[in-house]
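Take a look at the structures listed below.
In the two complexes below, chain A is the common chain; its partner is chain B in one and chain C in the other.
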Partner chain A sequence: MKFERLELENFASYYGKHKIDLTCTEEKPVVVFIGGTGYGKTSLFDAINWALYGSRYEEQMVKNRQKNIFDYVNEKAIHEAKENNSYVLTSATLYFEHDSFHYYILQEMSTKITINGNGNLQYKCTDRMTALYKITSKGNHEQINYNEIFLDELLPTNVKDYFLFDGDRIYQLSNPASSKEVRDAIYRVVDLEILEKSIKHYREVEKEFRKMAKQASTDDLKRICERHESVVENLLKQKEKAKELDNELFSLKNQILGKEKLLQEMPEAKELQIKKNEMRRELIELDERDKGNALKMRKLIAPAALEYASDACGELLQELEKQREKGTIPQKVSIKLLVELLEIQECLCGTKLTTGTVAYNNISEKLTRERNKNTGEELLSLLYKLTGTSKEITRAKIEMYERAAQHDRNMDERREIDMILKQIDQSLEKMPNVDVARTQQEIRNMSEEKESLIRRIERQKIEIEREQEEIKKIENEREELGQQQKKALKLQRRENLAREAANELEKLYESFAEESRKSIEDLTKKEFQNFVKSGSGYDVRLNKDYALEVVDSNGNPALSRLSMGQSQCLSLSFITSIAKVSEKNPPLVIDMPFGRLDRDVHKQVSGRLTELASQLILFLIPEIEWNEVTAKILQNKSSYIYKLSFDERTRETAVERVC
Partner chain B sequence: MTNKIDLRGLRISIDERVHAIYEDLVSRSSESVEDRPFLTMKDVFIVATCLGSKYGQYKELERSRQVFNGDLFDPDLEVPILCAIAYNKNKNLDDLYDNEKIIRHCQNYANGGVYVLQEKIESASGLGKLYRIIDIFRSDNIAKETNK
Partner chain C sequence: MPPTRQPTQYQRRLFDQIQKINNEILREMICESLYIEYRNRSALNFPIRQIKDLVDARASLIEKESEQ
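Coming up: the complex of A and B.
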């Protein structure tokens, strides 16, 4: 999709009709709007959003910015309508090209202005229209359905925030408390929702076949089917509950991170909070080490336990040694002798052993019999192997006990760190600064809640496993009984197939989400270094909880050490990575992208932004964002540069093309 | 009767009634390492066989259930020990020329030994079955013993 033109009528500070050309060439993909604070930059940004998403964007504005659509009806037009007792027509029309076709979406609203008893203005929407038109090759305008399917193809509402956004939002994304938003973004842009829907579909099919199998069964099988249905339904409920608990935990962790960040920004608490973070990191590392140790220990249990068989080994070794001394193992002598006799063709008694004679045949048969008999070779080999086991078992035992001792040391260290953490918490709670003490108290309450939630999640997991085992048993029984009722069995098998498909999709869902997380992590790292040269000393990670992390060359957390500009670049890197991974290529519309950036990064960011999308629309503040550095880069890349001027007296914005 | 001690290709069974005990001890990705002290069913079988042999618990399988393949046994470490355990049942070297007999004796020792293992774990104190088992090994003093 590429925007072509925006037409406004009585929208915000844009009085009357305005036409703004947005068409871009491949070489010049940028359109710039330059305007001071309050000049109408954000209104243009809102107009594009409103044109595309209509009432859904209105709801979002009420929710996020406490603004309703009447706030966008032009003041001068209101005044005139009031005077003339007429209506105000407010509209935004966005022309765009998508897949070689041209379209436009029109949002139009008619507002009646009245004055209530207190002398205040009252607005009433008397007409509201949303229409989508396709411009045919003959130049006709055909109205087509404006619906979610069409919008989803252009740019789904749930991901639009990553293509149409403002500078503040960029700043917030790198905040540790935004991990939920980051996770949601990844899930949305890589279309995981589609997989989710497919899983739901298969679960429905599974349920349907289960019901049909129950209906087709009789007697004992029917009773088993009823039991099966009830346990399966219960399992699904338990899984749903587990998911809710996981989300609750995720959100609680996020809140704790937010509060801790707040604490770290308070001068009195900063040092202690940093120390706490370090200690907690040490604790995580220690737990990881201990887990690795336990995994290795687990491998040693079986070989070390062979020691319990030492008496049995001793007995066998003794017996084998005895047999060896007696010469019964190995029994090579007789075979060797018989072979030699046949070779020299003479028996020990002097009888000639000519080929084909009775004597020769007798000796040959004896040789074959001997060869087929146990020679004791295998027992000799067992003797050698058994002798060697002792060394292996001892090695396993020694390592196992060393690792157990290491575990004990780890636990001592853990207790020490725990104690330090408790002391830090107590010190924070006792701080004279009320804000610090209160925030710490809140963190403590939330952490307790988190612990209790984790316990509930663990219990839930156990419950789910129990249900799964129960289902397995019932299914075996059902299958057995089903052998006598073929129709029911056929339906059971279809149900099983649907379940397997849903289970496989669930696995796919998890691995796809993880793959996407990794791809975005890699791209974010790369983009961050492209945006900020000083970023090469940092490693950017997107951890398993979807929080953006930055570590310095020593492996220490460095997110809080990033400058405001670097943080913003980090968010931008993330957003652009999301855009790349999504493989959608809509225009990027950014309101005040450089607002919080240092001047020295303006050059890199403005240069980089132009390469990120096939169309880039920027709303910039003069001097601060549109300065000699950005102007030099963007001028050559811009198809249009517009200047917004605002008349304080008439409170109107005028759009003037300067380039 | 065969000339070669070779447990490969043979299916190893446990009693249906002890299957739950095995399952409870074997690793699952979702659970902590400490509470699932064994990596595989084969590992539980080995420990149970050794304990069965040590404490003379020989119990025939009533309803057998195949759980793994004999290929999983380490031929240089586990197979010789299993042979020693099997030999010890009748003290007859001929038993070692019958691979199925070796397996049968071991299965029966494991069937008795798994209850010993379960009881030991339950009566031990401490957090995590993995560490309990190591404590059991310590208290049974297996560290100081060596093969005779």
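Coming up: the complex of A and C.
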């Protein structure tokens, strides 16, 4: 999709009709609007959003900015309508090209203005229209259905926030406390939302079939069905509760991260907080090592446990050795050789071993004798096996001792780190700076709450497992009884099938979510290197809690060491990755992209932005954002540069093309 | 997948994961239900009846096959 033109009528500070050309060429994919604060930049951004998403965008504006659509009716037009007792027509029309066809979406609203008893203005929408037109090759305007499927194809509402956004978003995303937003973005863009909805729908169908099966059954089966229904309902509630607890934990972790970041920004606490992060990292590594150690110990348990049998094993070995010395166990005679001699019918000395000859018969008898000594062979083999086993037991025992000692050392190290962490926390709490002490106190309270929550989650998991076992038992019983009642059995089968599908989808969801997280992590890493050349020494990670992390070449956390500009580039890298993964390739519309960016990264970001989308529409503040650095780069890449001017007296915005 | 678009790379990856489901009946059911979900992703009233019919049809097929 590419935007071609925006037409406005009495929209916000744009009085009367305005036509703004947005057509871009491949070489010059940028359109720039330059205007000071309050000049109507954000109104143009809102007009594009409103034209595309209509009432959905209105709801979003009410929710996020406490603004309703009447706030966008032009003031001068309102005054005129009031004077003339007429209506104000407000509209926004967006012309665009998509898949080689030309379209336009029109949002139009008539507003009647009256004055209430208190002398205040009252607005009433008297007519409202949303229409989508396709311009045919003959030039006719053919109205087509403005529906969600069409919008989904262009740019689904839930993904649009990553194409039409403002500078604040860039500022926020790299904050560790924004991991919920990061998670939501991945969730939306890779359609995890669809998988989750599908699971929910299968659960609903499962429930319905369960109810029907219960209604169709009688006597004992009915009772079993009722019991089944109640246990299943309970299980679903437990699962729901587990999910709520998980979300609660996720949000608590975010809050703690946010507070710790705050602490790190306080000069008095910075050093201690950095030390604390390093200690925690060591703790994680230590736990990983100990986990590996424990796994190996588990494998050694079985052979090492045979230590208890080693005395008996030794005695048996001695006994077998004595037998061998006495000759009860023969020295190994090669039966194989005798068999082969008989097969080739020739002895080693060259004597022919033709069947029936004396030599042949002698060898045959020898073979029979050797075969009869088989018991001795078995004992010999047992002797060899026991010798090997005895060595294996000793080896496992020694390694087990070494690993147990390693575990003890790990535990000592752990205790030491725990102690240091505790001391850091105490030092922070005792700091004379009230803000530091209070923040640390809050972190401590939240951490205690987190621990308690983790324990509750564990208990919840045990409860869920118990319910699942109970359900299995009831289901077996139900199926046996159901065999006698065909109709109920049929419905039970459908219920089971819906449940199996939901369970399978749940597994799919888990693995797909993890795969998506990893692929977005890789993309973000790559984009970050493109944005920040000096960032090549850093590694970007998207951790399991969906927080963006940066580590230096030594593997130490480095997010706090990034400059403000670098961390904003990290957010932009993530936004770019999300946009790439969605593969929608619509225009990128950014309101005040450099507003919060350091001036030193303006060059990198403005240069890189032009490569991110086939069309880029930027709303910039003069001087701060539109400066000699950005102008130099963007001027050559822009098809249009518009300057917005605002007349304080008439409160009108004028749009003037400057390039 | 949305009816008017080519599947995206991540949709293809999702499809690959679905292909790994061993149970053929569940695999096909999940494919069909996801198609319904995509077609109605923005619908205010999701046609849950279609999922119910899908489960019913698959179960009938299993029953017929086991009778034969």
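The rule we apply is simple: the second predicted complex is superposed on the first by the 497 of 659 C-alpha atoms of A that agree within 3 Å, B and C clash if a C-alpha of one lies under 4 Å from a C-alpha of the other, contacts with A are read in each partner's own complex, and residues count from 1 in each chain.
Assume contacts are C-beta pairs under 8 Å (C-beta built on N, C-alpha and C of every residue); 3 or more make two chains touch, one makes a residue touch a chain.
If you're wondering where the values come from, they're calculated on a predicted model, not measured in any experiment.
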| item | value |
| --- | --- |
| Contacts of A:208 with chain B and chain C, given as first, second, both or neither | second |
| First, second, both or neither for A:397, with chain B first and chain C second | first |
| First (chain B), second (chain C), both or neither touched by A:459 | neither |
| Partner chain(s) touched by A:243 [first = chain B, second = chain C, both, neither] | neither |
| Partner chain in contact with A:302 - chain B first, chain C second, else both or neither | first |
| Touching partner for A:151 - first (chain B), second (chain C), both, neither | second |
| Which of chain B and chain C A:504 touches, first, second, both or neither | second |
| First, second, both or neither for A:379, with chain B first and chain C second | first |
| Partner chain A, residues of chain B touching it in the complex | 3-5, 27, 30, 33-34, 37-39, 42-43, 46-47, 49-51, 53-54, 76-81, 83-85, 87-88, 91, 93, 96-97, 130-131, 133-134, 137-138, 140, 142-143, 145-148 |
| Chain C residues within the chain A interface of the complex | 2-5, 8-11, 13-14, 17-18, 21, 23, 25-26, 29-30, 33-34, 37-39, 41-43, 46, 48, 51-52, 55-56, 58-59, 62-63 |
| Touching residues (chain side chain A, partner chain B) in the complex | 291, 294-295, 297-299, 301-320, 323, 374-375, 378-379, 382, 385-386, 388-390, 392-394, 397, 400-401, 404, 407, 461 |
| Residues of chain A touching chain C in the complex | 148-149, 151-153, 156-157, 189-191, 193-195, 197-198, 201-202, 204-205, 208-209, 490, 493-494, 497-498, 500-501, 504-505, 508, 511-512, 515-516, 519, 581-583 |
